[in-house]
């Protein structure tokens, strides 16, 4: 039940059993189409298979249950699909492929869908950051290092730091989405032997059908694509958690410089407005981190298909995608409508925070307590402008 | 959908939304009962609350969905429970408690149930190991170090090694189940202030009602219990994965010394009997490892309730429990009815494996190739006996 | 160079190359002594070996460098030891043992030494906590949940929470130190074949010589002892980081309720007193966490000796021990002489923090802003007393 | 001492205390030069500072020891550097910078040096793979899935799979080395206030001096660069461990298809040739994995400088770099001069491995046992060619 608290419905839908079955069916359909185009199977067979590939006909939970015996969900799905196709054509279902070809390819299709959602949510987080950075570009706030006030900065520059990090993380996810999502097709052990000479041609057409990359060779146990995706999700979620952490710290009763608009309330403690969006972002990022760790730990896979390491990827990647969605939703909730209190920011500025200025201008014998914090903001505004320029170039 | 492949139904049921709601209701019921016994709330209120605490009345998914706003599932549950109780009595629902009190306590109740299942499955794995160790106590097999044959050992001793590890892991989980599962009750910030002077008495009775330990003090941000439980699950799953790894290696086509009875079959490669139980045990252990890592990483929690770290525990502990169940089921599947081939074990023994004996008895000028492996088994049988004695003492 | 910033000298010394060589020599000496007592090797051989086992004679770095070829440091050490013993006696060095027997046993000896240091430091942290809990048992401070003020608690109860967690973590480490540190002795593949019938007797005497536990059977690939030790270190470090995190948060400029006595200063920002002890505790715990994760991930080890997983344990356990020492030192630095500001604690109490009291006593129509926080501390003092009683029973 | 077993000297040198001090001095020198060019400090000051920045003058261990008090090594280094510069010029040392500016920039310089070593080693691994793939392009070997023989493949294609993964991992590290290593310069809290209006110009020149990227804004708590570097190292090490795992499995006594040229030998078991290179690659990758995990976990850093999370990066990145070097060295040792036994590969091919061919050509009633494995290699050679083409394009 906990996933529903952390992960919005759109991500859960895009990662549901139904979504996976749909993706596996898409892979089977595309495989048949590619094989028909390459002359490996009859064109009618491909048509019959395409007609049968309707997700409504299949029960995801039953397929999963039956997948326990062979250790993967593709085998029962193929069996059910063959029944749905009927007659001699049934033999052309899954022709020359191995379960991993279908599941890996489906993983790429599902990942693409969810990455699109994540990229969109990251863009919205960036939009929120950009607006805050713009609005509060010159609003003084204490710069805090090791949780101690150091020198003044601006709230705009603080948020610009979030913005740059979000853009960094998003850029990497986008490049993976566009360059690293590839079909998998190798057959039983990576040679496509069952396709005779047509292997490379079918591979090319299979990729074309699904608009995924064509890999140099089957990647059954070259899991760099999966590990890189996991790592990029981990980074993105970590960046979102950084926003959550800062919003949480700024929301402290004793600081009170910002307040989540949609904070959590307590029936017996009406004074509280808990920064729940922040808490969810932080919590989700920890789950993503753990799941991404499963994926990089799974890089060493035995021979042509691993005993367990491959299997460990399935829930790990699914949950990494889901909770990255959750982290993005948490950060959006934290930022959207964020109540910002510039007066409190100014009041909180400890007089001693100007000590550095006094130290760097010793000849002038400055009294830190008399100094205006806005007189010591250095290049804050310039850096805000640079961040906003990067944002505009990338997202507008 | 993947969880259904890895985790048997009994574990999923014991960790379902319904099971969590049931546990939270049990906590609310017990709290009211304890408060009535301590004279804090009227006896009739406790009875009315107990009557309303029927899991069928509540929709776990709706509660989870509504939990998104406040950031936990207890608040909507309490709201629903108050509606179910009706009238003035409703105010006594959740009297003096905080959401974390109920969720932490429910976590302990759910964990106890699942630990009982895990302990039983570990016992069955131990039974399987004991039978194999007994039967094959003197069956020679190559001892293999760094995947190279070293000197002979016996298959019985190999399995006795698994057995001792399973007993070790189980002992720790059992001691946690019996000594470390405690109620949580601290109220808003750990002082039980809303209970006036009755706090400690209510705490004692609350623990009594639920047959859980009474803690020295509220442990809202002392998460050692949770982290220790996670670590013990991690160890147990790792031990089960060791069995899976060894069974998988012994099942290799080129080794062929054992074969899972319920191996996975392939339609196009009928010769294969994939060691799926082993693969599932290995895969599940990796998921447990990741989730346990979330739990120990969550030890540093802020002040009296954490911003995110506490929340990160919920899916992590739930999944750690679920996949430990999966790992146990995988290992059981691997071991139950395991087909053992003593002849193959003997044939595989490389002649050179007796080289050490020749080296340690240089005066006798032994020819390794002529030596009988059963003449160099040292204390194998004694160690098997010691392991079986430990097993009998602990489990019979 | 970084380790010197995080880990005090006493821990680095107890984990130095010299310390490991010393421990390996102790293991070789004890093995020879046990074998002589069991009549397996001549008594003079054991004496000659004992005489040669002087750490000054060996160059730890050279041994490590030479260990790269065989993949472990024991082989070059044994070679050097045989040279030191000279003559026919040299053959009795390492008699019947395998490299892993010596390295695992040495690991236990080193761990015991470092655990003693850690247990002592944890006791000192507990002493500091107990003194603070006693002194500030009734000093009101805001109870903070999700970084928001909730209801009042006392600083003494806050610290009592740290104390209970430290005692929990220490108890587990102590029980591992006393019950789970065992010799390793199995010979090439766990049968002790080279010792003929004398295996179990030599094992018993070997354990007696070193005052370590005697295992049921060789544990070459049953790594539960190592994993449990790693997990317990992870928990201990996490508890110390919790203290660091809280001290850091309480030290914030805007909160200012405590101040590390030995805080870090800045030349250009003299107003700052950075909570460096806290920062180091937090940082060290993260390193311990990572290393402990290597250890539990290494539970599945192949057959009778693993290809890499065993090797991965060496730096991981060494660093887990070192950085737990670092975390303890960080927490001690944070706590020793901690400057506590009860007035600031009182001032910081937000008036609205009494809202819960008003809510729970609606009939009395209380105005939260008028309420005395000390009137709503519930069982805080009782819980402090219970924690102190547990402390006295365990440590005094 | 263990690091010496795992990590070759060139990596340890490039990551030694001396190397870090050198890098910090380079950063200080470049900062002064940039500030002189921008007219912020006198040109003679920059020259005097450059003259003093000689690594021989400083004691890395003493600096580390003194770094314990302020919690970082820059402060004592700056103090020592100011003493070395003497007179009024001393004040211009570290002008306007914060410790983190220097340490982060030094981290980038050190990382660049070590990445160059790693890229070179990965290239050598690729060269080895390419040669093996070329030589054994059509050498039949069993394709193995879940450790069971499935259908034939070629040893060349197996190695081509390693090659593609190495190229993938190397490409990512190379792009990070070329595009993501940036100077850090923000001053006390990221505004460069102490530099007045000259901040951006000094930043630009600072980057120019060191040939590092100029960031959009200071990245004191935007740790994406560090996390991405860690993740890329994790992936590279994982790929190297995959090679080690496969070589180890192929080296098994019962398989015997390859043998490390520089395997480890055993005095009492001369028949063994342990795949130590493989074991070291596997072990190193696990350490890299753990350290990379510290880096992504450290993404959420508080405000303008973190309390502990930043500190946790130092040993983590250092060790991630070191052990990636170790993994590369291990894989090189495993592959260089690898003894390949094509006859054994052919002999090991189980007759039933041709069952799939029989299944896919049912009309022909083939007897699997009679089939020639070389008649069922599908597109193996084509995929080898594609991998080699990618290799040539990228590395030659």
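A, B, C and D are the chain letters, set down in written order, and residue numbers restart from 1 in every chain.
As a working rule, a contact is a pair of C-beta atoms (placed from the backbone, for glycine too) under 8 Å apart; a residue touches a chain by one contact, two chains touch by 3 or more.
This structure is a prediction, so every number in the text was calculated from the model and none was measured.
Student: Can you give the shortest number of steps from chain A to chain C, where adjacent chains in the path must touch?
Tutor: Graph distance in the chain contact network comes out at 1.
Student: So which has more C-beta pairs touching, A-D or C-D?
Tutor: A-D
Student: Averaging only over C-alpha atoms, locate the centres of chain A and chain D and give their separation in whole Å.
Tutor: About 24 Å, centre to centre.
Student: Averaging only over C-alpha atoms, locate the centres of chain B and chain D and give their separation in whole Å.
Tutor: Each chain reduced to its C-alpha mean, chain B and chain D end up 36 Å apart.
Student: Measuring from the mean C-alpha position of chain C to the mean C-alpha position of chain D, what distance in angstrom results?
Tutor: 30
Student: Residues touching two or more other chains, restricted to chain A: which are they?
Tutor: 71, 144-147, 150-151, 188, 194, 241, 244-245, 248-249, 264, 266-269, 274-276, 279, 282, 289, 293, 297, 307, 356, 360, in rising order.
Student: For chain B, which residues count as touching chain A in their complex?
Tutor: The touching residues are 1-6, 16-17, 20-21, 60-61, 63-65, 67-73, 75, 188, 194, 241, 244-245, 248, 262, 264-269, 274-276, 278-283, 286-287, 289-291, 293-294, 297-298, 307-312, 314-316, 318.
Student: Which residues of chain B touch chain D in the complex?
Tutor: Residues 142, 144-151, 248-249, 251-255, 264, 267-276, 279, 297, 348, 350, 352-353, 355-356, 359-360, 368 of chain B touch chain D in their complex.
Student: How about chain A: which of its residues touch chain D in the complex?
Tutor: 71, 96, 98, 143-147, 150-154, 157-158, 160-162, 164-165, 168-169, 172, 187-197, 199-200, 215-225, 227-228, 231-232, 234-235, 238-239, 241-242, 244-246, 249, 282, 285, 289, 292-293, 296-297, 299-307, 356-357, 360, 376-380, 382-384, 386-387, 390
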